[in-house]
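The following pair of complexes shares a single chain, chain A, combined with chain B in the former and chain C in the latter.
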Partner chain A sequence: MTSPIRRTALARLLLATALAASVGGFAGPAAAAEDTPIVVARNMDVNSLDPARGFCDTCQIYLTAVYDTLLTLGDDNKTLVPKLATSWEANDDQTAFTFHIAPNATFADGSPVTSEDVAWTLQRLKNIKGDPSFLMDSLASIETPDDKTVVIHTSEPNSEFLGILAASYTGIINKKLAEANGATAGEDAATADQADTWFFANSAGGGAYELDSYRTGDELRLKANPNYWDKKPAISEVIIKQVEDAVTQAQMLQTGDADIAMQIDPDTAATISDPEIVVDTVPSFNFLYIAVSPGAKGNSVPLTKPVREAIADAIDYEGMIDFTVGGKGKLQPVAIPNGFPGTDDLPMPKQDLDKAKSLLAEAGLSDGFTIEAHYPAVNAYGVDISLMMQKVQQDLSRVNISLNLTPTTFAVWREEVGGDGIPMTAVYYAPDYFGSAQYVQYFSMIPGQPWAKRAGVGKVEDLGNGEKEAELLKKAMASSGDAMVGAYHDIALQMIDDKVIIPLVSPDLVLASRKGIEGVRYSACCNLALGQLSRD
Partner chain B sequence: MSRQELALALPPGRPARRWRARWMSVPVLCGLAVVAAWLIVGLTVHLWAPYDPVMLAGRRLQPPSAAHWLGTDALGRDVLVRTLYGVRYSLPIAAAVLAVAVAIGCALGAVAGFFGTLVDGIIMRLADITLSFPPMLLAMAIAASLGPGLVNAGLAMVIVWWPIYARLMRAQVLSIRALDHVEAAVAGGAKPGRVLIKHIVPLCWSPILVNATIDVGQVVLLIAGLSFIGLGAKPPTPEWGQMIAEGASSFYHWWIATGPGVAIFSLSLAFSFIGDGIRDLLDPRTMQE
Partner chain C sequence: MTRTLIRRILMMPFLVLGIVTVAFMLSQITRGDPLAALIGERQMGNPTIVAAAKAKWGLDRSLPERYAIYLGNLVQGDMGTSFRTRQPVASDLSRRLPATLELVVAAVLIGGVTGVFLGVLAAKYRDTIVDTVVRLLALTGSSVPMFWLGLLVLFIFSVRLGILPGPGRLDTRTAAPEFVTGFFTIDSLLAGQFAKFREALAHLVLPASVLGWTVTGIVARLVRASMIDVMSQDFVLAARAKGAGAWRVLLNHGLRNALIPTLTILGFTFAYLITGAVLTETIFSWPGIGSYAVDAARSLDYPAIIGVTIVGGFAFLIANLLTDIAYAIVDPRVRTGGA
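And then the complex of A and B:
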């Protein structure tokens, strides 16, 4: 038999439990929203998690979350806004840049971010000679007058240096912590630095998140940095799950196994009708192009300027957008993304079969010829390159040019393009920061630049407008404002006239997320800023 | 007792029909009909197909309709026409691969089985090494090293397939070599080569024929597999594996992969049925019944 006292105690206990449950019930959803991890489904292409070595789209997302940069890009994807540096100045000839570091900026371990960390990080990026080291090509020296001031000198005028410092690869590293684990910034860093493995399991930054764990081919797990000096992230954990194809990414969104997917192609996106999924299509700065190399060994006929022009004129650019991304893309006149400095008012590419035929007739090739096309058989930004090249093949067949398509792996493609060259190839490009110089330095015919070498500048006479482009690039790098934009515009016209790099489509980016996920935004420097994500 | 003698010895009428029915069953007849249909399609499709298999035929990614019975793919090409043209690649390559693999395999197997000792050891260890790899993986590795293309994919498959026939042939030769008529031929002073070619090889063909027929379907599958992963046919060839690969990236547009998928299924199954029928036909136990 239960005594009255016991009954009262039991009643109190039940009441207390009910109250606790109800309080917990009220507090529960708020805590759950913060504590429930956000899962990003993507095909990760991570080569390293070391800021000086990593060079991939997923690396951009990770590095932005874990390593704060001196500056970053604003929501308009153009304006530089403060991050670790609260203010900055550049001298008139764009060779000296002074930064003032936020006094309260700290790394994840609580130690302050100092000018020494900044200098060490940038020197290491240059000396390690990794994939993103080209960003520091013009770095000459760094002064640290005090703990919170850095003065960076470049070897030549570089009006884009500030933009470069918004690139995620320039994220500032905790020098003491990294050095204790084998990192070095000396001139011999390329061989002496032994920290690459350590960076796969640890992070040494001061960003909104820290690395929790990384399993190759499986997942990248980030946890919120409890000591973050700036606005704290709304989500305590973010997991990037390895999901190879767009269809599986879409299915994971539908089943609730993923919250965000950014690699769904427009055709697949069009089939998603789930009201719980928000699909936003935004213009991107990514583009796909074909490249014609007159210097390649496998050419059956000389790919002279008129022949290259005929190839460019034979392509149905509007149809290309329709066939590759279901109309969800933009024309791009030059190998510099639309909206970047110097790209306004450029002549848009258009098909002109009559002109193409007459150019080929003048070159004595009215009966046509065969050209070998080797390309990496991958899907980039929703575009199946193999499909894109079949469309090029169809278009060129209308002017009697026969394209022999050979899809290959990326590794084989790299070897071929860097070796004997490929008569015609197709590949893609995405920006590392907001600025046009990176494109001129990669795609122009300036002797020594990557595509100039691949196309055959130096081996083939009168190939492209390299000299003019070099002069104009110098001018653009030494100027700012309208003068700089004007110089890039002139370079763009020269690059169009080269007829070596022929952009085909700038695909729109599909941002797909589950309803209630906020802050999903495409960034030119950083791809996706995880620190801005939140859940309703 | 020869087959004719056996037929004569049997009572007329019913038993002969029963004997025919043993191998000429419904599946076998279906298999023969399917293969015959594909052969006719392969030989004549260019005469009556309403569209070109590699050029635009209509709006892209259209579902099946009266104009395009199996819809259109991402480049606006008619999926049915491409599927029908696909047999022009799959069947000849499968036949060529098997012809070469059977020729090489049987020649080596016969030599190994007849001469034995060192030759047998070398050939059979080589076959064992080849067979120790999963066929698809080995074919992938060889095709990847040779470079993409149907000819290279065919070569890779010959390398994968010959040991199967070498083993079969060797086993046959070993069992037939011990028969009286062979020993009589040897005792009569016949040269080894003549004994092998005249007295042994002609009696070895039954299992080879059955295996080769069933393997046609397997080779068709493997070619499609290699093309699916980009090591076989090059675009825009309307090869079935290549088409399924294109369909896989447009998964929600189910019709792109359905046509070639059904084609591979039908051809593989048909050859499997025919193989079974031939086995029943040549099975001595069936004949004794």
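And then the complex of A and C:
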């Protein structure tokens, strides 16, 4: 028997269908209102909307909009400028950092941002043991002498700590609100904190925007924070729309369904001729690299320093940029992005086939050898890694090195790289904040660091310059200004000499937007600052 | 027939248990590290973070323990939490399934109706220009790559001509109607939002047509072949001898018999598309089950993979059941248990 409720619903449905059919044909997109929402089309990679757990490019955009940090990066992508902290000081040995919080800073619910919120947020980030927790590795203790002053002590000198505090993952959370919804900052936060799900539907920040709604794999809606304490955002609503394909992103820009797209590859961008679309190509801080691991079990010959150097010399770097991104990219000498501290005046990589052949002959390998290359078959920053590796294969064949290519999924790749190791692989990297230490702590041959372990430091003798790099890193972390930059420059030279991580290309970033959208800017800390967007 | 249907319905829980068990075991023996979806690459070498993630997500337990816990939770409607989206799988599926169903129903309707129509035409005008055109359409429908076709129709109808909307279930700036069924067309009507209804309907046209064209291709060829076969049977000759008109013979005798294999194909196509419409969903930014399944498989998101497998398996079971019922309606021999 049909229930009365179902009958009513059915009747409403039939009536509504008839009415709708009589109203007219298919309507196009609604006419532009004065305050039309801005739509950003992108392939979202959101793993969490909790600042202590999220770790992705879209997370950076979202967190920057919703959670203010103590500091942020200026338009030059280098200078730290005030945000929640109006002023700050560091002691001489870079172990104590004092911040003075803006007296008028408030959260979206109107409550003031206090030193207690700052201390709780940073302790939680450390203790939750999530992806961005490494940013707080050196955090030792936090003092809150008054409501608006925070003193942070690190366990060792850390000249990059101020830069880290501009990373979107350090955005300050409203402690009271988050705690009421299952968040905790205690030492057992990794298991005791139950707020991950709550953060998918709510926000607890004091940024220019608040979370309106999030539908996984569909859209993320942000609404302007009516109580924003700083310069109010010009746009009342921003929608980040899930669009996986770059061509579809470009089409949506052309139809007006999207206002901004930042993941269009240079080839697709070249096909856009619509005068209503502004395409700006800017250098990025992202890069793709190959890694050679002498300690991997699958090596057919010892990958000694001369052999690794021969591999690096055999690659046609200029040709690689043309082949992978149609010339829209930059050479990168070391596994630290161009423009980061210490990267000025480094020797650029170049192909030298004669030198490569001579090095292989000295190593007794003039007849060549075979090397296994396993890599994740993904497209990163507009570069198809499989295509990139085909170019590497072609280049190495010119010095009789035969490359066996095995594309795989990320899950399998991770198992291999963390297990027996991979003789040669290819991956990509993007910055989490502006600073070079994160790269040294990941790519150098300092014993214990991720790539040092994967390459075989400790298993293979004389692998890389880890000791020198460790010494220089200590120096860089304890100094500031030119001394710090000089130390990073010296580390970069050592990392180039390791010949383990070989950067291939730093692809340019295509910033495409509809005419009249202002403030579309690529940021090293925050990706895209939604709070700066406006319409003409 | 009724007894057969009841037996089939009673068998369903056991079949679902089989599907769950096979899906669970397969996902556990697949190569790859499920932590890839849980922690970033940088943290893979950090034993504290790896241990914390394993403990939180139950990956430190033995396989039988995990299986028992999963089954226990499943009985209570808890399909676990997705490693990737960090949301309950049941909640992810309940949001995405209606999107896929709305698309697939429209596609199967479009594909089924046009396929039958073209198949009948081709059979009627066998070996004429009409037949050649229909066969060409059917061939392209089955062989043109979906992603290429999707991008092409978007470019023509949305970008160039501007007569149909672009990707998505609604215009990008339009908020979804209040959730009742998850079908935007139905929910917008229930809410009395007629403009939103037209928008949802317009957004269905291109993806459903692209997806439906594949169905058209399959159905048209099948109907054509079946009808040509049926039309050469003695009972058709007898009908003609009794003076029945050409169209009446074609539709009442030919089509009715040709519909039996067509229903089977439509049923299985429907079930297949529930999880297999991934390319259409990707190109048209349609947040459905197909794209969810692919993302889950890429990242070894076990709970999501098993959840999607259950939905897919269930779809096949239901499709099978409905096909049997449809058989009974179309073919009296099935209804009466005759040969």
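Just so it is clear, the second predicted complex is superposed on the first by the 502 of 536 C-alpha atoms of A that agree within 3 Å, B and C clash if a C-alpha of one lies under 4 Å from a C-alpha of the other, contacts with A are read in each partner's own complex, and residues count from 1 in each chain.
As a working rule, a residue touches a chain if its C-beta (ideal position, glycine included) is under 8 Å from a C-beta of that chain, and two chains touch if they have at least 3 such contacts.
Note that the structure is a prediction, hence the values are computed from the model and not measured.
Asks: Applying the document's definition of touch, where does A:442 land relative to chain B and chain C: first, second, both, or neither?
Replies: Second partner only.
Asks: Touch test for A:407: chain B only (first), chain C only (second), both, or neither?
Replies: first
Asks: Quick one: is A:453 in contact with chain B, with chain C, with both, or with neither? Answer first, second, both or neither.
Replies: Only chain C; A:453 stays clear of chain B.
Asks: For the overlaid complexes, name the partner, chain B or chain C, with more touching residues on chain A.
Replies: Of chain B and chain C, the partner in contact with more residues of chain A is C.
Asks: So, does A:323 touch the first partner chain B, the second partner chain C, both, or neither?
Replies: first
Asks: In the overlay, answer first, second, both or neither for which of chain B and chain C A:245 touches.
Replies: Touch partners of A:245: chain B and chain C.
Asks: Please work out whether A:387 is in contact with chain B alone, chain C alone, both, or neither, and reply first, second, both or neither.
Replies: Touch status of A:387: first partner only.
Asks: Could you tell me if A:217 is touching chain B, chain C, both of them or neither one (first, second, both, neither)?
Replies: The second partner, chain C, only.
Asks: Counting only touches as set out at the top, which of chain B and chain C does A:372 meet: first, second, both, neither?
Replies: neither
Asks: Quick check on the output: what are the common chain A residues between the chain B footprint and the chain C footprint?
Replies: Overlap of chain B and chain C footprints on chain A: residues 245, 247.
Asks: Chain A touches which residues of chain B in the complex?
Replies: 54-56, 60-61, 74-76, 147-149, 230, 234-236, 246, 248-253
Asks: Which residues, counting only chain A, touch chain B once they are in their complex?
Replies: 245-247, 265, 267-268, 271, 322-323, 326, 377, 379, 384, 386-387, 389-391, 393-394, 404-408
Asks: Give every residue of chain C touching chain A within the complex, in rising order.
Replies: On the chain C side, the touching residues are 31-37, 39-46, 48-49, 52-53, 55-56, 84-87, 92, 95-96, 151, 154-155, 158-159, 162, 164-168, 171-176, 186, 189-190, 192, 194-195, 197-199, 201-202, 205, 282-285, 287, 291-292, 295, 298-300.
Asks: Which stretch or stretches of chain A touch chain C in the complex?
Replies: Touch residues, chain A against chain C: 9, 12-13, 16-17, 19-20, 23-30, 36-37, 39, 41, 47-48, 53, 55, 129-131, 133-134, 190-191, 196-197, 200, 215-219, 221, 239, 241-245, 247-248, 251-252, 254-255, 257-258, 409-412, 414-415, 417-418, 427, 442, 450, 453-454.
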